[in-house]
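Two complexes come next, and they have one chain in common, chain A, joined by chain B in the first and chain C in the second.
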Partner chain A sequence: MANQLALIQNETLKVWKKKRFAVVVLILLVLVPVFVYAQMKIAQNNQDKFVDWRAELRQRIIDNTNALSSDRVPEEWKKWRVALVQQLQYDLDHDVNPNTPNAVTFTNSFLRNAVGMFIPLMVLAIASDLVSSERSTGTIKMLLTRPVRRWRILLSKLITLTLYVSLIIVATAAVSYLVSGLVFGYEGWREPVFVGFRLAGSDIDTADVHAITQGAFMLMLMGLVWFSAMVVAILAFMVSVLVRSTAASLVTMMAAVISGAILSNMASSWKSAKYLFNVNLDLTVYLQGSPPPIDGMTLGFSLAVLGVWAIAALVVSFAVFTKQDILN
Partner chain B sequence: MKLVRDEVVLSVERVSKSIGRKPIIHDITFDVRAGEIFGFLGPNGSGKTTTIRMLVDLIKPSGGRITVCGEDVNRAPERALMHVGCIVENPEMYGYMTGWENLAHFARMQRDITDARIAEVVEIVGMDARIHDKVKTYSLGMRQRLGIAQALLGAPKLLILDEPTNGLDPKGIKELRTFIRELADSGMSVFVSSHLLSEIQLMCDRVAIISKGRVIAVGKVEELVSQAETYTLWQVDDPDRAIALFAQDAGVRIVGESEHRIDEALIASLPGAIVTAMDPSGASGWVERFVAAGIGVQAVHRAAPSLEELFLKLTEGEKVG
Partner chain C sequence: MEIHVRWESEMRRLNKKSSWLWPSLGAVSLGCTVLLLFGLGWALKDAWAPAAGIALPSATPQPAASSGDWADKRELLVTAVGDSLTRGTGDASGQGYVRGTVERLAKGLGKPVKLVNNLGINGLEASNLAIRLDDEGYKGALSQADLLLVTIGGNDLFHVAQNGGSLVDGGDIDAALLQKRLVGLKPRLETVFRKLRALNPNARIVYVGLYSPFYDVPALRESVGAVIDEWNGYARRLADADGGITVVPTYDLFETDVARYLSSDHFHPNADGYARIAERVAQSLL
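So, the complex of A and B:
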């Protein structure tokens, strides 16, 4: 009959004392500088190619404005060009070289690239042994013989997992912003970025395209990355309930996530693969009009598929955990 | 709060368990009363651990009912387990936390356990010196103490210990025995499982004996033990003549080496001893007869039956009845 907060405190403490989150932060601190260095090299390369970037920007603005007055350009394309001209004009006015990244654009592109593999792996480091470690060390016998109902213990673990997933995403964005800022500068929050592209068949529907700031874009990205990371976490949570060995549960989930990345590249003709959770993990593709892995996938579709998988995993986790006999 | 003696703290009624289609536990029934040390005796693989796990809701019984202080363990574990402290098999704790952190962790899972209470149980088990060290640095004996401290946190009415002497040295076993007796004297019921009859004899008031998933006897330890034959071992300087004398008496049976299952350590300490089954009260008469016959008596020893023999005796009775 202990209160739920105390149980959550227990679980949070255990993950913390196992130094799992410290490992995640350590990995970020080692890897992000590597990516920052790579990005710096790309920026330097661009600088060598385009010596006078202001002149180049002006030229692009003129080209696009001319195209707007032309009758041969379809109406919906004009909207997109208007948006583009707005962005270029902003860059020119604020003396921003679009080819040089800043900490905000670097963080956003890092988040987009991390959603498919990097973030899921970090999440697995915590989720995979949340329940299975209690079983492999035998502490589950102490945990489940206390006067607390089993579903409350599992719920406290689930809430703890949600806390740490959120923390991982915030930490990823924070480390990437702080480290890349050292090189690229901490500016860029108010720069515009264009969203609202929609794929209609083979055409891009630009009717809803509009500019938002990079800062708002980062929040949107973090929200989508959080959702996809939570689905991975909940599936790993279920595997951790079903499998006693932490290694087995980690490998199972890693295989699932990696095969999703492989399938995304080859499954465009296998239509029903779009109902698998692992090809839907990269939710950020929808924001800027990149084609989805399989035809007919939209943001709403992917959110729904992932949601169904997560709910099913939760049902299985709770049903098994509350009924199962602890035989060893 | 003292409990009234004879009040039933743990009641196991017609409990059975099948895993898959295989029945593991058959219809077992026994009660544990307030303030008694109750032994649960059976060889390895007899269903002891499965039964203990059912007592604390780790395994759900297929049939029957288990209640602690009147609360059903499987239907209302959050109320029933409030009165139970237990160590199932080894006292496994979180190695990456200190002893104190472990106790605080389990204290948070129950109501109204203060830091003062944690400090109190730490003192009871005598762990003050090492309580702030990481558990992974503890010896098995210390983990055992920490496990008992954890079990005592909620001032339970029933303490369940599964093979508590496993891995302890003789001194530790003796201390544990005294400790358990003190707990029982304060009104707590203690349920102790073991596969060693001698341990149960030294520690327990009453015992249930389990074999192949069935409880074959429940009762006072001495009463059960007295049902099986005891042996009298004779070490004399002229065994051949002694055997000849024994053979003349119908009340004495000489037991061959293959017939008895006396502890090997005892046999080794009395090399060449003649093993007899006789009325133990006649032993002093025999010493006089040997002395009169000029046979030197070096040692006379009464040996308790082994658990196996007790089993044979009890199951034999079952067949006849």
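So, the complex of A and C:
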């Protein structure tokens, strides 16, 4: 056990010395202000145009209602709009502003938008070369000639990866909260937000709808984002075991993540795409009850699909790593 | 063997240089992991076994328009409600008569005139509007306005008279049917006026009268014209009974050169047509 801890310590420090986490934080520090600025412009524009937030919300509802009547809008998008209209209507009827501009709501919407692409890419920065770099630099031999069993070495790498994924998620939320707070103010933790809308056919069932605080909402979002980030990390981990070159492993995973984002946006009528891991990454849609990318997907379904992919990847990683010959 | 020694010394160097790094890094990242696992668990619990939820702050009362003369007010609030004419369908610039009216009013009154909401929905009938007026979200927009612009009724009339086919030809409009059903449609307008007045006792309400888009179709000119006339006359009588409602006639605007003022669907006005309606509405208010 002490042995295992030493291995983890060793791996964690190696990643730290490679300054990968520093790069992630740096990227966040550059990008988040850009998003904050864009959000500020939108808020200013709305303030000029509307007498209050209720008027803005009403106009959003009416505009989406009108878009529904257009024959040009595909059926899947209509479903999404119907859900959106009913959620906004619920907010309006209960006099709850869903978009008060503050650091907490900004962070929450940033997390929701980041789950499909941004977070996976940040995770790949660390996961992609965890094993393959040892091979390309030749240090794998030193690692494997130690009097430690191979699976223990791989396990220590996996735990290190988990720790860094957690750090990335928390850092993302923290940077976005701290930076956006400069502009929007740091309050908003206790404001209510509605969750628990359910899709029932083409309608929305509001029986289970209840309010939680934005702070609790943020913690839930972070938990769900962490789960999908872990799945991406584990898959990247497997690819990094299988592929010698770090570049190849990075590109493979990036292609997979990006194609998932494209597939989700295509309002897919290809139903079996729902078994792919990359269309299931956005777990946050289920919290509020927005329609999933493909019909029939639920929170349980997505968790199961992601879980199966992750377990399979772990099995492959450990099987290959413990058996494979290290040639040069 | 040599390689071993090198590796050992390298790791020792790494660890020694950062004796504080591992404890803090390990503790912080472990703490983050625990926090996120807790968040995940909470999210799953909330999705599958929802708790009661927190209490909501009590709703702020809907703002109401003050009574009194427009001349005394610092700024004027306008809300438009109704069908595709309110929406501005057919106007390539997307302005519609509502924006045009607001601009003309601001100029004429010399004070800011603000559009609270344009609640126009394509294809809306008076019966649906009456239902929507009971909606909490709608009420605020209507109760705080000093001026309500309303277009409604066109869809009611032409939907009941339509027996399939394209409206553009006008051939599918059954004028006899229209005349017969007109009686049943009138109460819808009465309900809308009554509800609007109940929501906002102080606002001036402008009802934009209907026009016949089929004036250039000889077979329909007389029959549809008579129905439109009766509808507008009925609106006029309701307006007079209320005292604060103005019915702005528009039928004469679309008689001389229909093609010039109607859009390509031969039903909705185009940008020029909306501009003329806006002019009329502004004239009735200034």
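Basically, the second predicted complex is superposed on the first by the 275 of 328 C-alpha atoms of A that agree within 3 Å, B and C clash if a C-alpha of one lies under 4 Å from a C-alpha of the other, contacts with A are read in each partner's own complex, and residues count from 1 in each chain.
To be clear about the criterion, a contact is a pair of C-beta atoms (placed from the backbone, for glycine too) under 8 Å apart; a residue touches a chain by one contact, two chains touch by 3 or more.
No experiment lies behind these values; they were computed from the predicted model shown.
K.L.:
Mind working out whether A:I311 is in touch with chain B, chain C, both or neither, as first, second, both or neither?
P.N.:
Neither: A:I311 stays clear of chain B and chain C.
K.L.:
Which partner chains sit in contact with A:L163 here, chain B, chain C, both or neither? Use first/second/both/neither.
P.N.:
Touch status of A:L163: second partner only.
K.L.:
Answer with first, second, both or neither: which of chain B and chain C does A:L224 touch in the superposed model?
P.N.:
second
K.L.:
According to the contact criterion defined above, which of chain B and chain C contacts more residues of chain A?
P.N.:
For chain A, the partner with the higher number of touched residues is C.
K.L.:
Applying the document's definition of touch, where does A:L13 land relative to chain B and chain C: first, second, both, or neither?
P.N.:
After superposing on A, A:L13 lies in contact with both chain B and chain C.
K.L.:
Of the partners chain B and chain C, which touch A:T137 in the superposed model: first, second, both, neither?
P.N.:
First partner only, chain B.
K.L.:
After the superposition on A, what does A:I262 contact: first (chain B), second (chain C), both or neither?
P.N.:
neither
K.L.:
Taking the superposition as given, does A:K323 touch the first partner, chain B, the second, chain C, both, or neither?
P.N.:
first
K.L.:
With the two complexes superposed on chain A, say which partner A:V148 touches: chain B (first), chain C (second), both, or neither.
P.N.:
A:V148 contacts chain B only, not chain C.
K.L.:
For chain A, which residues lie in the overlap of the chain B contacts and the chain C contacts?
P.N.:
Touching chain B and chain C on chain A: residues 9-10, 13-14, 17, 139, 141-142, 145-146.
K.L.:
If you look only at chain B, which of its residues touch chain A in the complex?
P.N.:
Interface residues on chain B, with respect to chain A: 19, 53, 56-60, 77-82, 84, 86, 88-97, 101, 105-106, 108-111, 150, 154.
K.L.:
Which chain C residues qualify as touching chain A in the complex?
P.N.:
Where chain C meets chain A, its residues are 3-4, 6-7, 11, 14-15, 18, 21-22, 25-26, 28-30, 32-33, 35-44, 46-48, 50-57, 59-60, 77, 87, 114, 116-123, 135-138, 140-141, 144.
K.L.:
Quick check: in the complex, which residue numbers of chain A touch chain C?
P.N.:
Chain A reaches chain C through residues 8-10, 12-14, 16-17, 50-51, 54-55, 57-59, 61-62, 65-66, 69, 89, 92-96, 139, 141-142, 145-146, 162-164, 166-167, 169-170, 192, 195-196, 208, 210-213, 216, 219-224, 226-227, 286-287, 299-300, 303.
K.L.:
Okay, in this complex, where on chain A does chain B touch?
P.N.:
1-2, 6-7, 9-10, 13-14, 17-19, 137-139, 141-150, 323, 325-327
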